[in-house]
Structure formats: C-alpha cells, structure tokens
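The structures considered in this document are given below.
Two complexes, one shared chain (chain A), two partners (chain B, chain C).
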Partner chain A sequence: MTEHVINIASEFSRHPAGRYKTDGEFSGEVCRKKILVPALKRPERVIIELDGTRGYGSSFLEEAFGGLVREESFSETDLKNKIVFRSADPSLPEEIWGYVADAQSEQPKR
Partner chain B sequence: MVPCGTLLFLAEIDRIKRSGVASQRSFSCNYPKARIVEEVLQQVGILDVLGRPSRLAENEFGETVRHWRFATSTTVEGSKLEPLLESLEGKVAAPLTEGLFVGLTEAMTNCAHHAYTDSRGDKLGHAGDLKRWWMFSQEKDGMLAVVFCDLGIGIPRSIVSSGIWNDDLIGRVMTLLGFDARTDSRLIRTALELRKTRTKLSHRGKGLPQILDVVRDQERGFLQIHSNRGLYRFDAPTKAEILKDFNCSIRGTLIQWQLPIPSGRQLGLDLGDNL
Partner chain C sequence: MPESCGSSWIEVLKALSPVISWGLIIAGWKVVSADHNKRERRKEIRAAINALSQQIRNCEEKSHEYWMLSEENDRAKILSVAIKRDLQRISVEWFRVQSDCKIPKSHQRLIAFRRSITAGDFEVKGRGAAADNSEKILRISDAAIDLIDALEDGFSNLINAG
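Moving on, here comes the complex of A and B:
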C-alpha cells in the first residue's frame, strides 16, 4: 500500500488546541474535518507526523481522533489498518489509540 | 502588585466596560506617585481601561516591568502563547514548555465549555464578548508566574451543573478523598479527580488534570486554583496539597502556575487583542 503523509504542524497548525469548531480555528473538530477525514478517504495508508507542534491537549486529541469513530463512522479496526503515527513521544500515539478505543466502546453494538 | 490580584482587578473592570452598563466616566484614576507603579499599570493596560492616557515611553520601562504581559480572548488561541514559549526555549526542558502550552490551552478550553454556562450573579449576562479569559505572565527572581482567569460560574458550580458527572459519583469521589461536607476547595480537588475518571461520556472532561501536570514534576513552584470561595494549591517541592475556603467568592476561576526559570531573559505573552 502506498503512503500519504500528513504533518500536523505544517499542514494544520503549530498550535492545535480546543475541541469544537466554536472553540477556535485550530480545534480538534476542524482538524478532523479538514485534514483527517479527506486523508482517510484516500486509498493510501495514512502516515500522521505528530512532531513539530507546541503540544496536544486531551480535548484536541479526543475530538480529532475519537471523533473519527463517534462522528465520522470509522471503526477502530478501520483506523488501525489505515493510520500509522510518527512521534518522538511514544506516549502520544498510545494516548490517541486510547481515545479511539474509548469512542469505539461507546458505540452501540451492531 | 501580585499578578493574580492584578489580573482579577483588570478582568472585572474589563468585563463591566465590555458589558456596556458603565458609562465612559464610571471608572477613573489618578496617575500613581511611584513611577514603577505607573509603568506596570501602563504595561498591562489598566491605565487605558481607567481612561488615563499612557505618558511613559515603553522603551524606558524597568527590566521587571517589561516582563509583565497581558492577553485576553474569547476563544482557544494557542498562538497567543508563542512569544512566551519561544522565550523559554533553551532555558527550560522541552516537556515544561509543552506542559505550559497544554495546561494553558486546556484552561482556555475549559473556559469555553464550562465557565459561562449559567449566570454569574452579577446581572451582566454572558453576551459573546463577555465569555472571556484573561492572562498575565511575569518573570521575577528566577520564577515565571502565569496567571489565567475567567469570570464565570466557577469550578465548584460547573462540576455539579455540567451534567457530565451525576451527584452520586461526585459524592463517592468525595468520600474516597476523605471529604464529608462540600466546600468549594473540596469541590475543586474533587474536580481534578473526577476528570481522570471515565464517565458515560468519556470524551468529556479530561482537561483539568493537565493543568496540574505542568508543575507535578518540578522541584520548585506551585499550582494554585482559586475558584469561587475555594482555593486548591499543589506545592511542587513537597507535593503537598493545601485546601482553603474564604468567606467571599471571587465569582470565577483564577489559575496560577509558578515555575523556576534558570536565567532572567525577557519573557512575554502576545499583546494582541489588547484592552
């Protein structure tokens, strides 16, 4: 599978923060709709580079990535097959996958 | 002048002025006798908000005064922290600047979501421009103080009224913490604990503990959260927690971080969106 690389700092913001669109222009919801969902609709594997920002608050991460399951109908399995994170801080991908798993567990069983 | 009290003073005046209930002449002051006090009042915008024109040249301000900086907004704006974070690079470990960014932007997010959900009780309402946060930073004696405040309903009220946690869960967490009667300081401490827990809607309410993470591993400094009548303080060197309750409420939330800075270079916050 070919790769599509996204760098959050250069393609979205060095200062990602906030949960909803109403919180600010670089919130988790905006990142999800503007950057993540279009990338995930492409056929390639998506490499998400997390380094280079000033940091990530839990509200941003949960809405951006947990929201893929809650609001955009991706499953945890879909996302794990599609996304690879690159980060100097190994706890960050772990935290994100935790939000995805939490969002999945809140979904009604099919 | 201490940063937390000065910020609260400025925020209250700013809120009243923005509400439109006060006429232009409702607030006034004389110039202070001490030059350094005037420099500070000018630097942080208090003279302006009190209707006195700035008359001192900013490039002649004392070293300590130049380190007072002010920012305010109604949205979550991480870019407003960039001048501060940039000035810290090379002086403090990267996790500290990251922690400050995360702690402050989570405080802004908490303000946007929880602070202005009900009346504050000052009859001013919460029209769009009043759902605001204010922030100061100051460097003094090798310590960085960052103070953040909102004038909303306060943490003790918001954890009860937000609907994220039911009353039974709040009661059980308070019991686990060894608290019997509910006071504001105990509710602040409970909020820090509740936000770590899973709820029916686990995607809500994870931000507040990250405010504490900024100082948790520091050898010096503290975090202080004053909300309504209660005060919670985490002392970094001893890891001790102090809870205190006052007779009067500040009707809002004031969060203060104090952290060691190895050298005395200039630190600052964006002065955009000035008063």
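Moving on, here comes the complex of A and C:
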C-alpha cells in the first residue's frame, strides 16, 4: 500500500486549538473535515506526523480523531488499518487511539 | 628439600608482589570510581526529577488559573497557549527521566495529566469559569500528584535496585 503523508504543523497549523469550528479556524473539527477526512478517502495508507506544532489540547485531539468515528462514520478498525502516527511523543498516538476506542464504544451496535 | 621449596615460593611471591599490589590498587580504584559514577548519576536523576516535578506543579497552577477564568478572558487565552507548551516540555522530560529511572513504560499517568487539563471544554468558546473547589480543579491536582508520585516511585526503585 502506498503512503500519503500529512504533517499537521505544515499542512494545517503550528497552533492547533479548540474543539469546534466556532472555536477558530485551527480547531479539531476543522482539521478533521479539511485534512483528515479527504486523506482517509484516498486509497493510500495515511501517515500522520504530529511533531512540529506548539502542542495539542486533548479537546482538539478528541474532536479531530474521535470525531472520525462519531461524526464521519469511520470505524475504529478502518482507522487502525489506515492510519499510522509518527510522533516523538509516544503518548500522543496512545491518547488518540483511546479517543477513537471511546467513540467506537459509544456507537450503537450494528 | 622442603626448605628450598618453601623459599622458592617466597621468592616467587616477592617477585609478584608489585604486580599484586598494583592489581589491588587498580581493582580498588575501579570499585571506588564505579560507586562515584553511580552516585553522580543518581544526583543528576534526582535533579531532573525535582525540575520535572516543579514543571508539573507550575503547569497545575496555570491550569487552575485557566479554568477559573472564563474563555473570553484574554488571560485565559494566553494561559491556554502556555499550558500546551508546558505539557509538551513535560512530555519530553518525562520520557527522558523514564528511561533513566525504573518507571514502568506506561504513558497512562502522563495522558491522564494532559487530559485532566485540556479535555472537555478546553479552548471552547462560551466556557464559563469553574469554582476553585470544582471537580475539574480537584481532578487536575489529583493527576499532577499521581504523575509526581510515579516519578518518586521510579527513583525509589532505582535506589533499591542498588
């Protein structure tokens, strides 16, 4: 599988902040809709580079990644097969996968 | 005959005695030097833990101040940026200390600390100010204490391991 690399700092913002679109143009919701969803619709594996920003708030991460399950109908399994995180801080991917799992567990069973 | 055999042993020991003395000196120096290096390394780790604990407490204080202000307050906006930067630095230092100490390679306490501060309505418009005895404020302090305790436990394990 070929790879599509997304660097949040250079392709979105060095200052990601907020949860909803109403919180600003660099919020989790905007990141999800503008960057993550289009990338996930491509056939390639998506490499997400988290380094280079001035830090992430959990509200941003939850809305951006947990929202993929809650709002965009991706499943946790789809995302685990599709996304690879690159980060100097290994706690960030772990935290993100926790939000994805939480969002999945809140979904009604099909 | 036994007399000459005994004296030949004494001769051999006399000849070897400088070598044995030097061997003992070198072995002794190596033991002392290893102990000294171990003590210095522990001092460095202790200093790193103290500095990191202080960073955690500072971040805890800023977080309390942030949550006790409403989102539209300009000071809250400045604090939110500072908190994210602090959390990033704490992560870097945490992983450095974790590799030096015998802290379990789990990130759960670090994640719990970050979540206690920046989850929910962090940087969300319309957020109101929290009371100083609110659950949010208490949860941040609990997570900070847990993180510092993990550092102290790791240092104790390092000392106990010798």
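Note that in this section the second predicted complex is superposed on the first by the 110 of 110 C-alpha atoms of A that agree within 3 Å, B and C clash if a C-alpha of one lies under 4 Å from a C-alpha of the other, contacts with A are read in each partner's own complex, and residues count from 1 in each chain.
Definition applied: a contact is a pair of C-beta atoms (placed from the backbone, for glycine too) under 8 Å apart; a residue touches a chain by one contact, two chains touch by 3 or more.
Since we're looking at a predicted model, the values are computed, not measured.
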Room on chain A for both chain B and chain C (clash or fit): clash
Chain B versus chain C as contact partner of A:Glu106, first or second or both or neither: first
Touching partner for A:Glu94 - first (chain B), second (chain C), both, neither: second
First (chain B), second (chain C), both or neither touched by A:Arg54: both
Chain B versus chain C as contact partner of A:Gly18, first or second or both or neither: both
First, second, both or neither for A:Gly66, with chain B first and chain C second: first
Common ground on chain A, meaning residues reached by chain C in one complex and by chain B in the other: 15, 17-19, 22-24, 27, 54-60, 62
Chain B-facing residues of chain A, complex: 13-19, 22-24, 26-27, 54-60, 62-63, 66-67, 70, 99, 102-103, 105-106
Parts of chain C lying in touch with chain A, wherever the complex brings them together: 80-81, 84-85, 87-88, 91-92, 95, 107, 110-111, 114-115, 117-125
Complex contact set, residues of chain B against chain A: 75-79, 81-82, 85, 97-99, 101-102, 105-106, 108-109, 112-113, 198, 201-203, 206-207, 210
Chain A residues within the chain C interface of the complex: 15, 17-20, 22-24, 27, 54-60, 62, 88-91, 94-95, 98
